[in-house]
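Each chain gets a letter, A, B, C, D, E and F, in the order it is written, and its residues are counted from 1.
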Amino acid sequence: MHTTLIDQGLDLMLFGMGSVFSFLLLLVLATRVMSLLVNRWLPEELVSGIVAKASAGAPPSTIDPKIVKAIQTAIDRHRGGGKRD
Amino acid sequence: MDKLVSLWASSGVAQLEAGQLIMMSVGMVLLYLAIRRGFEPLLLVPIGFGTVLVNIPGAGFDAAPLYDAMGQLETPGGLLYYIYHAGIETGLFPLIIFMGVGAMTDFSSLLANPKTLLLGAAAQVGIFSTVLGAVALGHFGILDFSIRDAASIGIIGGADGPTAIFVTSKLAPELLGAVAVAAYSYMALVPIIQPPIMRALTSEAERGIKMQQLRPVSAAERIIFPLLLLMLVAMLLPDAAPLLGMFCFGNLMRECGVVNRLSDTTQNALINSVTIFLGLGVGSKMSADQFLNAETLGILGLGAVAFCIGTAAGILMAKVMNKFSTHKINPLIGAAGVSAVPMAARVANRVGLESDPQNFLLMHAMGPNVAGVIGSAVAAGVMINLVAGL
Amino acid sequence: MDKLVSLWASSGVAQLEAGQLIMMSVGMVLLYLAIRRGFEPLLLVPIGFGTVLVNIPGAGFDAAPLYDAMGQLETPGGLLYYIYHAGIETGLFPLIIFMGVGAMTDFSSLLANPKTLLLGAAAQVGIFSTVLGAVALGHFGILDFSIRDAASIGIIGGADGPTAIFVTSKLAPELLGAVAVAAYSYMALVPIIQPPIMRALTSEAERGIKMQQLRPVSAAERIIFPLLLLMLVAMLLPDAAPLLGMFCFGNLMRECGVVNRLSDTTQNALINSVTIFLGLGVGSKMSADQFLNAETLGILGLGAVAFCIGTAAGILMAKVMNKFSTHKINPLIGAAGVSAVPMAARVANRVGLESDPQNFLLMHAMGPNVAGVIGSAVAAGVMINLVAGL
Amino acid sequence: MHTTLIDQGLDLMLFGMGSVFSFLLLLVLATRVMSLLVNRWLPEELVSGIVAKASAGAPPSTIDPKIVKAIQTAIDRHRGGGKRD
Amino acid sequence: MDKLVSLWASSGVAQLEAGQLIMMSVGMVLLYLAIRRGFEPLLLVPIGFGTVLVNIPGAGFDAAPLYDAMGQLETPGGLLYYIYHAGIETGLFPLIIFMGVGAMTDFSSLLANPKTLLLGAAAQVGIFSTVLGAVALGHFGILDFSIRDAASIGIIGGADGPTAIFVTSKLAPELLGAVAVAAYSYMALVPIIQPPIMRALTSEAERGIKMQQLRPVSAAERIIFPLLLLMLVAMLLPDAAPLLGMFCFGNLMRECGVVNRLSDTTQNALINSVTIFLGLGVGSKMSADQFLNAETLGILGLGAVAFCIGTAAGILMAKVMNKFSTHKINPLIGAAGVSAVPMAARVANRVGLESDPQNFLLMHAMGPNVAGVIGSAVAAGVMINLVAGL
Amino acid sequence: MHTTLIDQGLDLMLFGMGSVFSFLLLLVLATRVMSLLVNRWLPEELVSGIVAKASAGAPPSTIDPKIVKAIQTAIDRHRGGGKRD
């Protein structure tokens, strides 16, 4: 019975680490292939354009653009030392 | 006079058992560590407070509701009873937290350098060697651990709170308090535990290795990656699908750019609310009879060992990989493979800066760091699958 | 070796059935439509992801919990099981969404020009003629639709997601996946489906009709309107009261000006959280045996028909009303009566600008647009009432 | 039996559209009457005043007024082209 | 024709009972008070709306779900049924609200001048003398109140909504509607009820007493105070531990400075969501048979008395304390001991300014004000303990 | 039976007010002692320092520091009457 417990632990270690390594190794390969394909067939410019378009169709952000603008202005001034005034 | 007796008899002092007093002190210590020492306060404040609450004699925070013969509620249950049974026993809270963590995770570093995934794999050695340690303690009759207990203890080495809670609530719920406390405590101790191991296992030259600048990652890659991961999990390790599925879902909401409303709520109101209740619910398992025993000491000890082995395995893996690769990896970032996001990555960065003040490893360490989250979840799935069959 | 067999036997690949693979692809297509084509992403991202999750073989996302003889939980259920049964089967999630939609709805346009409510009424013709189409398909033995199924399919023509989900989960839960997907897909296709119909049914002169500027609406009118609507519903159509009651509640919180805290949460954290879970829960009904059959094709086809008829009916109603009124209505805004807020109103505006670049119809179209929400909810109440009695 | 299904469908259409139209027609009338009464008995100024007062009694907004003021200032400046500086 | 009969038979008008009509009017009056008069709108808007909803004939907002013999859901329950049973009967919603209130409470004033706690104690005389009044009405057979009813009525005098709801849902759930409405109404009437009593019981000189400026309170004091309070409660009054435990938890999250994320969510999304549902759930208890009876008049009358006695007791206590102390207390701040945070403190400030335009009492009055919250929760714990034993 | 009800009420009043007063009196004393100890052993500077350090270890606030800065700048300008420009 006790031997079984140790055996179970060894089994768990063996198959556990095996699975973890095999899985992540596969994920490394799959990720490389994916990146390769994406960068060949979906270059950045195209993607950004499409995503931006999709975003435009989505409901507007909940922050009032005027406030965003105002904050941006404040940031700009802070950085630019009031050049725009 | 009867009333006075009744009030006194129902007061905490009169009912107080030593175990409860000690556990309340444990709760206070957790609060102290969280507030004054900054130990993972987001979880340890609720866990510590929940520990105090559940040990108040006569307050009934973990009392089950009573129903009469007609099925009508006679006496409602305690708050922590409902939280535990609705959110933790069912696995809902850890899964929602994982969704939130996914929505907060940036895979750019990993995508730019996918081989760092292997560092996250190596660090899981900590998990399984701790399982071995726990069964050895059980084998030699030193402590009373079953294989389910051992698996739950091992997962502490994953350095990932929600994963540890998810696994333990499935395999060994009576250990939940000890395992969660150990997991979060050691995650908080990363800046203390890891650096000596990192220095011991690396040479000055290795620590000074400068890594290639990471290439920019396109939006499409970041959108497709969570789907790719999901598909691999679905095909190969469905037992890991609950955790990694929700993780990928959160990450997809973050990256896809068209559901920012949902992503924002997932990263804020939702994960914060669930964190509070998860912490309280874990605290509800911190009762004297479940926590104050030799097994808890064993869990704390084994957890520390798990952490150290995981850290070492990540570093050594990086050194092995360097033997076969032209683009050298700084082995310090291997230590980040234990997860403990983002603390472990920061520690790698800091130790790196000690050797060379111009060597910024933070972004490089984020790769193995998030890989560690994936690795632990995979390990969790495998263990749940295998242990359930034993 | 046994372990390897066990791991393999429990892996997705070994258990995968063709239906699951196809449904996972369906989920991926929904994600593609949502993310790359902008199809109602707030719902279709969670629905698509839920579709993938529930079809992962062996992951148990829709597994029911198991209890032992003592009533103690033995194995917890899957995440999607809990979501579906707690939030969708009970109707809670659609109702909370409706509260949020109410809190986001501005009735000013409708209040300034109440007769546009009739455009929202006319567009519901789409619902009921689709019911007729579905029963005809059932009658001629082409597809196997009961009257309950027919009612659920018809509601797609209401172009209102939560209403469709609410009705279908009550009348024909096994169709929930197909109906919800059809409803949200066609809502997303409004800019493609509606313009040809709008151009075909109107003359250049009609499309150029300039409408009177809307009068300003007082705060008191906006506060009283949801209460007035609630009272009419309460007196005449109590079956529509759950949906419209929560809608009015949300709108009252928005307009009354004294509970802005609650209104903000309703419009943000609350509706976002529930949207995530609603979408996942709908996805949990996207199993191969419920979705991959001829009925689904029938549902998709009938849904498209419903949309077209609803659009046409709204336009024609506007033309009829113009025969009896001195203040002419631009018939394009009749098309907005199908709801699909605010997309349909934007489409009306865009088609109007094609005829006359100075003719801004957006605000005018918001009236029939929100009227369509009320109209669909009324239709839903009537159908639930009548069908339950059949 | 099948005839019944068609009949049921026709019934549903007839009574459904009838209810929807009657209900929304009634709502049109009720809304007109309501607007008439409101604009006669609760002219805008009065209403705004009362609502404002009621708001004042409610718990304060969770946004610090100073921040709101600051944002407003930034907006004003942005619009006014820095006249106030 | 049958269909018309069915629609008519199921319409609200045909089923309407006089009691429902009256209760809907009560709901409308509550909405009027909340929106036009500013009566505690955060609670009275949801309660008023819930009152209307639950009294819509045939809408089934408080219908219980029906299950078939196999335990499968046949007909889902109504929204308010689920809200009441999940959130109010179990006590979860009041406890979460209390956590939020704790996170919004600043104890600085109390810590700077702890003896103002006694003013909060004195004001609870209102609770217990009302209990006495209620049992007297029961004793003389005027109204049919049990000791459990009397305790629930008395708690109105605590001027603390969640406490009143928590106690009443435990001791006399059929009175919940009346008690909650009375509690929130009188809290809203504080600016009208209190000033005459304050002027009657104090001299011009007393109202002009200038209090010492409050000393600054350190962060450590503010962190330790909720833990100290928790420990005292745990040791002495565990029955008060659910309410005060959650209150202290919220306050600790606020003050500890390391979980600001959690504190923010607790103070915003979480408390707002729960407030909406708590209000609707209380409204679900506003049915004609439970509300339209002589007992409700008794409750409203006794509640007003409770408020007046509590106010007076707080003022008189301050005057008594001034006899034994060199640092005089302005007795007006004693009135703030009834809680009704922060309204009662503002009223004390305003009445004080009438006597001396330079005498700012607001900060001083916050001490007894929050002490009143603690006092009521203590009283609630004692009553639940004693009444359960009777 | 009825007498019992009155008795119960009196009991409740007596023990209730007794408990409330005793408890809050004890809380007054405990609070005073606590404040005394804290101010002796944990003077303000030390505490602030530690809390600040602990905060630093916690996850970063969800508000972008640039925005906070910008708002602060806007506040400063608003207060300072544009002196910094």
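To be clear about the criterion, a residue touches a chain if its C-beta (ideal position, glycine included) is under 8 Å from a C-beta of that chain, and two chains touch if they have at least 3 such contacts.
The structure displayed is predicted, hence computed values, not measured ones.
Participant: What is the touch distance from subunit C to subunit F, in steps?
Facilitator: When the steps are counted carefully, the minimum from subunit C to subunit F is 2.
Participant: Taking each chain's centre as the mean of its C-alpha atoms, which one ends up farthest from the centre of subunit D?
Facilitator: Farthest from subunit D by mean C-alpha position: B.
Participant: Specify the chain most distant from subunit C by Cα centroid.
Facilitator: F
Participant: So, what's the distance in Å between the C-alpha centres of subunit F and subunit E?
Facilitator: Measuring from centre to centre gives 21 Å for this pair.
Participant: For subunit A and subunit D, what's the span in angstrom between their mean Cα positions?
Facilitator: Here subunit A and subunit D have centroids separated by 39 Å.
Participant: Measuring from the mean C-alpha position of subunit B to the mean C-alpha position of subunit D, what distance in angstrom results?
Facilitator: For subunit B versus subunit D, the centre distance works out to 47 Å.
Participant: Give the residues of subunit C that touch two or more other chains, as numbers and ranges in rising order.
Facilitator: Correct list: 3, 7, 35, 38, 41-42, 236-237, 256-259, 261, 268-269, 382, 386.
Participant: Considering subunit F alone, which of its residues make contact with at least two other chains?
Facilitator: Residues 11, 15, 19, 51, 54-55, 57-59, 62, 71, 74, 85 of subunit F each touch two or more of the other chains.
Participant: In the complex formed with subunit A, which residues of subunit B make contact?
Facilitator: Residue list for subunit B touching subunit A: 110-111, 114-115, 117-118, 120-121, 124-125, 127-129, 131-132, 134-136, 138-139, 141, 146-147, 150-151, 217-221, 224-225, 228-229, 232, 236-237, 256-261, 371, 374-375, 378-379, 382-383, 386-387, 390.
Participant: What residues on subunit C touch subunit B, complex-wise?
Facilitator: 3, 6-7, 10-13, 15-16, 24, 28, 31, 34-35, 38, 41-42, 45-46, 49, 52-53, 56-61, 65, 73, 76-79, 82, 268-269, 272-273, 275-276, 280
Participant: So in the complex, the part of subunit B that touches subunit C is made up of which residues?
Facilitator: 85, 89-92, 95, 99, 170, 223, 227, 230-231, 233-239, 241-242, 245-246, 249, 252-253, 256-259, 261-262, 264-266, 268-270, 382, 385-386, 389
Participant: Subunit C touches which residues of subunit D in the complex?
Facilitator: Contact set of subunit D toward subunit C: 2-3, 5-6, 8-13, 15-17, 19-21, 23-28, 30-32, 34-35, 38-39, 42-44, 47-48, 51, 54-55, 57-59, 61-62.
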